[in-house]
Amino acid sequence: MKKLINNPEDVVKEELMGVALAHEDLVRVHFNPDYVVRVDAPIEDKVGIVSGGGSGHEPMHGGFVGMGMLDAACPGAVFTSPTPDQMLEATKAVNGGAGVLHIVKNYTGDVLNFEMAAEMAAMEGIEVASVVIDDDVAVQDSTWTAGRRGVGATVLAEKICGAAAEEGKSLQDVAELCRKVNNQARSMGMALTSCTVPHAGKPTFDLPEDQMEIGIGIHGEPGRTRMELKTADEITEILTNAVVSDLPFEKGDHVIAMVNGMGGTPLIELYIVYQHMVKILQGHGIFVVRQLIGNYITSLEMAGCSITLLKADDELLRYWDAPVKTAGLRWGV
Amino acid sequence: MKKLINNPEDVVKEELMGVALAHEDLVRVHFNPDYVVRVDAPIEDKVGIVSGGGSGHEPMHGGFVGMGMLDAACPGAVFTSPTPDQMLEATKAVNGGAGVLHIVKNYTGDVLNFEMAAEMAAMEGIEVASVVIDDDVAVQDSTWTAGRRGVGATVLAEKICGAAAEEGKSLQDVAELCRKVNNQARSMGMALTSCTVPHAGKPTFDLPEDQMEIGIGIHGEPGRTRMELKTADEITEILTNAVVSDLPFEKGDHVIAMVNGMGGTPLIELYIVYQHMVKILQGHGIFVVRQLIGNYITSLEMAGCSITLLKADDELLRYWDAPVKTAGLRWGV
Amino acid sequence: MIKREDVVTWLTCYRQVLKDNKDYLTELDSAIGDADHGANMDRGFNAVVAKLPSVEDKDIGTILKTTGMTLVSTVGGAGGPLYGTFFMRAGMAIDGKAELTPDDLAVAFDAGVAGVQQRGKATPGEKTMLDSLTPACAALHESLDGGADLKVSLDAAAAAAEQGMKDTIPMLATKGRASYLGERSIGHQDPGATSSFLLIQCAADCLGKE
Amino acid sequence: MIKREDVVTWLTCYRQVLKDNKDYLTELDSAIGDADHGANMDRGFNAVVAKLPSVEDKDIGTILKTTGMTLVSTVGGAGGPLYGTFFMRAGMAIDGKAELTPDDLAVAFDAGVAGVQQRGKATPGEKTMLDSLTPACAALHESLDGGADLKVSLDAAAAAAEQGMKDTIPMLATKGRASYLGERSIGHQDPGATSSFLLIQCAADCLGKE
């Protein structure tokens, strides 16, 4: 295992110390329980937005705390969802009286822990709404699975809901908007290499030099299928077509598109994927009107990428374009 | 070789197509010769700033073209400096009558090609000033080498000079400022793994599981020394102390610090390095007043990091804080 | 009768067993999950053992509830809420008791398992920890009902848990992270079922002494 | 006399040799550089050969200058300006000539090498292409001055270039990318010296025919 770390046990704490030192203009970091919170929280009469999940997906979620996006993020151990007490404390810290939205990625651990946290917050008289994001088309949504995983759409939902909350929308409206983003967004990812969980010390899976994993999650969980390595164009086709046909996206749709790196893939390759994705979408009569290209929801040092498309309308675009000031996403300010 | 590419020959063209499609609000991409240019170039009476170098270091330089930073960037083949005709065309495209600054990283190829381009531009009556960046303390600056390499300080110089040019400073002033940044900045990098040049098809060097390379350049050139893998804290100490003792940075100095990922290292590890670097600097009485943490000047998918420190004064901080709107760096707008 | 010292011993012993099996559990979780189950359980029970001195003179219900709450607040993942719920519900079922009869223990286990089932919305056969816990409870009841002593009955429970754990190998996962694998989950032993077997095995070793 | 067809053949043949040695040159550049010398030279001479039809009926000076300018605008790196300068200066030295005497060729090579030296500010012994080119020029002169014919003299130049190339192995690099390696550059053959030897070898094969 080759990593810039000290003791595997200390990875998250030390990273949080780095975040605290680097971004004191944006966030405060609370330790025990661990959470990252906007420096100006709680904001009176603004809906608070809390997300969280295992660490190892940076910049998500801690890098998305700040004006126009999240009010707080709860980082768990690497690839392990955080605990209810973190979520409860974060919820209390951001509650400005207008209630708190929990944006939860659909993984059993995240769902169960956020569920317990919401129960506890309710006991303390805080109004909490929870929206579970489940945009990963690689997983069959059936009674035979825990449901689709929450992946790239989470980033888009956090941005858009953050803007709506900033504008003063009610908890019910912001939660409704979050469900709308989730309903209109789809993602799929792939891996060229495995990641290595620090305390595991070796790659989560073996992927021979000539193979790749399609439909991978963000935790090194194996994907839909393993196949022979293909070209960027072919890979882009597989991902794009799976995403497009699922919603389905249709001729004339305008979309916000994210080509996301898994952590170990250089930007140059993401742009290669992006240009071919745009061509494929043009072939379907679908227009990319906004885009993110880079590492936004990662799997440690995994090489690979994911594609997320969100069907956009004027409302979503307005919130998308609204100012955001976080370590991981910043514009308009 | 596991990469999201098609034909190795097409990597740069396809990446540029991606950039053109993604950032048409910021830049235009010219093909044959290849360069990325601000959408509003040339700007009358503003000093134009052109940089360039081999591809594979993204977001540098193409991702730094836009308001408040570069006017144009010339991308060469992967790890191969671009050609004089690219630089000449880019220089012509950004010349608004106030002259053009070439920011050149100190590599024989970059220096020679920019030299030829400057000669050609002079023949066409364009005033060109060139500043060579050579901040890499890993290389002995002696008659026994081609001099120190230009690495991380390039990013800081592009930002700061971009702001000065935007403000209307003269070519001579912007060039002087660029030299000042170069004189006051130092960097050093390290690698945990090698990168693989697409057309080479295999890693540039072998680095056993238990070894790392200290003082690496940004092209997979072997570094100062190879040694046993160490902890993040120890690595951070080696890099930070080499950088601090070189200028030397002194008690009471304020610095702009960059902890840069080489392309394959996840953000979580860069924050671990950052927090320890800040502690070491505190021990020296040096204060980090601004910081960048992320992938800014990369070596394809190499795992590793570099540290750059720039001794900052009010002038440099004012230019640092000035608005910038590029794909790779954005604030204040 | 089971004394609170026995319960403390059980939990302490399980901490050691988890430490010894940390890599093994993580390896199982690498195959069909995300390679953290060993570290998660280890972190949780380290916290539990650190907490025990503050409750070891309390009733067994309190000890178990504290164990559950500690797990909830230190483990995270799926395991945290599920094991947390197991111990909280088990503790609630025998609240206030400083000593447990064998039947008390069976009642506590039942309540714990019901809690896991309710929280995780899984049923046996879905390739989860329930596949060790449910047969273990059934075997404990059956053996006690048949007149066997606690030691024998807990041994039977552990044997049933072990069998249940092994039975997860051919199962298709339909809950938790392994469900994403579909058919590819078949052929692997479930990590949660394995840590649950170890828990019952520890109970047999530590609680069934007399 | 060297005719322009011979020059075209030389350049075309060198393109093929580069293609055959692309991986080899890149491998040499991996050891002490950045793994691109093979691809760079290959790209450049592909462009040159594509350009040749438009100049093959011009004088040899024009052919060589066009070659140089094409290399400058297609190769990049250190090799582009250096090989570009070599050919541009060589062409300028024999401007207007449709045929070359052996001495013309020696003069052209001299001018080319002087250009490389001026552009790159290196001298022989620094582990660069100059370590093949300089002895090659010296050998060519010496042999021609001694009365040998062109074929024999170019063979001598190629042999000197080869020796010069091999002599770079124990050298410490003090110019170019390899200089960053310091002592670690010792023991590796310089890629540029290798491509230069191949260029002279091709000249011996194609220009020294009669």
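Each chain carries a letter (A, B, C and D) given by its place in the written order, and its residues are counted from 1.
Everything below uses one rule, namely that contacts are C-beta pairs under 8 Å (C-beta built on N, C-alpha and C of every residue); 3 or more make two chains touch, one makes a residue touch a chain.
Since this is a predicted model, take the numbers as computed values, not measurements.
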| item | value |
| --- | --- |
| Rounded Å distance, subunit B centre to subunit D centre (Cα mean) | 32 |
| Whole-Å gap between the CA centroids of subunit A and subunit D | 54 |
| Numbers and ranges of subunit B residues touching at least 2 other chains | none |
| Junction residues of subunit D, two or more chains touched | none |
| Pairwise touch network: line, ring, star, complete, or other | line |
| Every chain pair in contact, whichever chains are involved | A-B, A-C, B-D |
| Subunit D contact footprint on subunit B (complex, rising order) | 33, 54, 76-85, 107-109, 112-113, 115-116, 138-140, 143-146, 149, 197, 199-200, 204-205, 217, 219-223 |
| Of all residues in subunit D, those that touch subunit B in their complex | 26, 30, 32-36, 38-40, 43, 72-82, 119-120, 172, 174-177, 179-182, 184 |
| In the complex, subunit B residues that touch subunit A | 2-6, 11, 14-22, 55-56, 58-59, 63, 192-193, 209, 212, 229, 231-233, 235, 263-276, 278, 288, 291, 293, 295, 298, 300-301, 303-305, 330-333 |
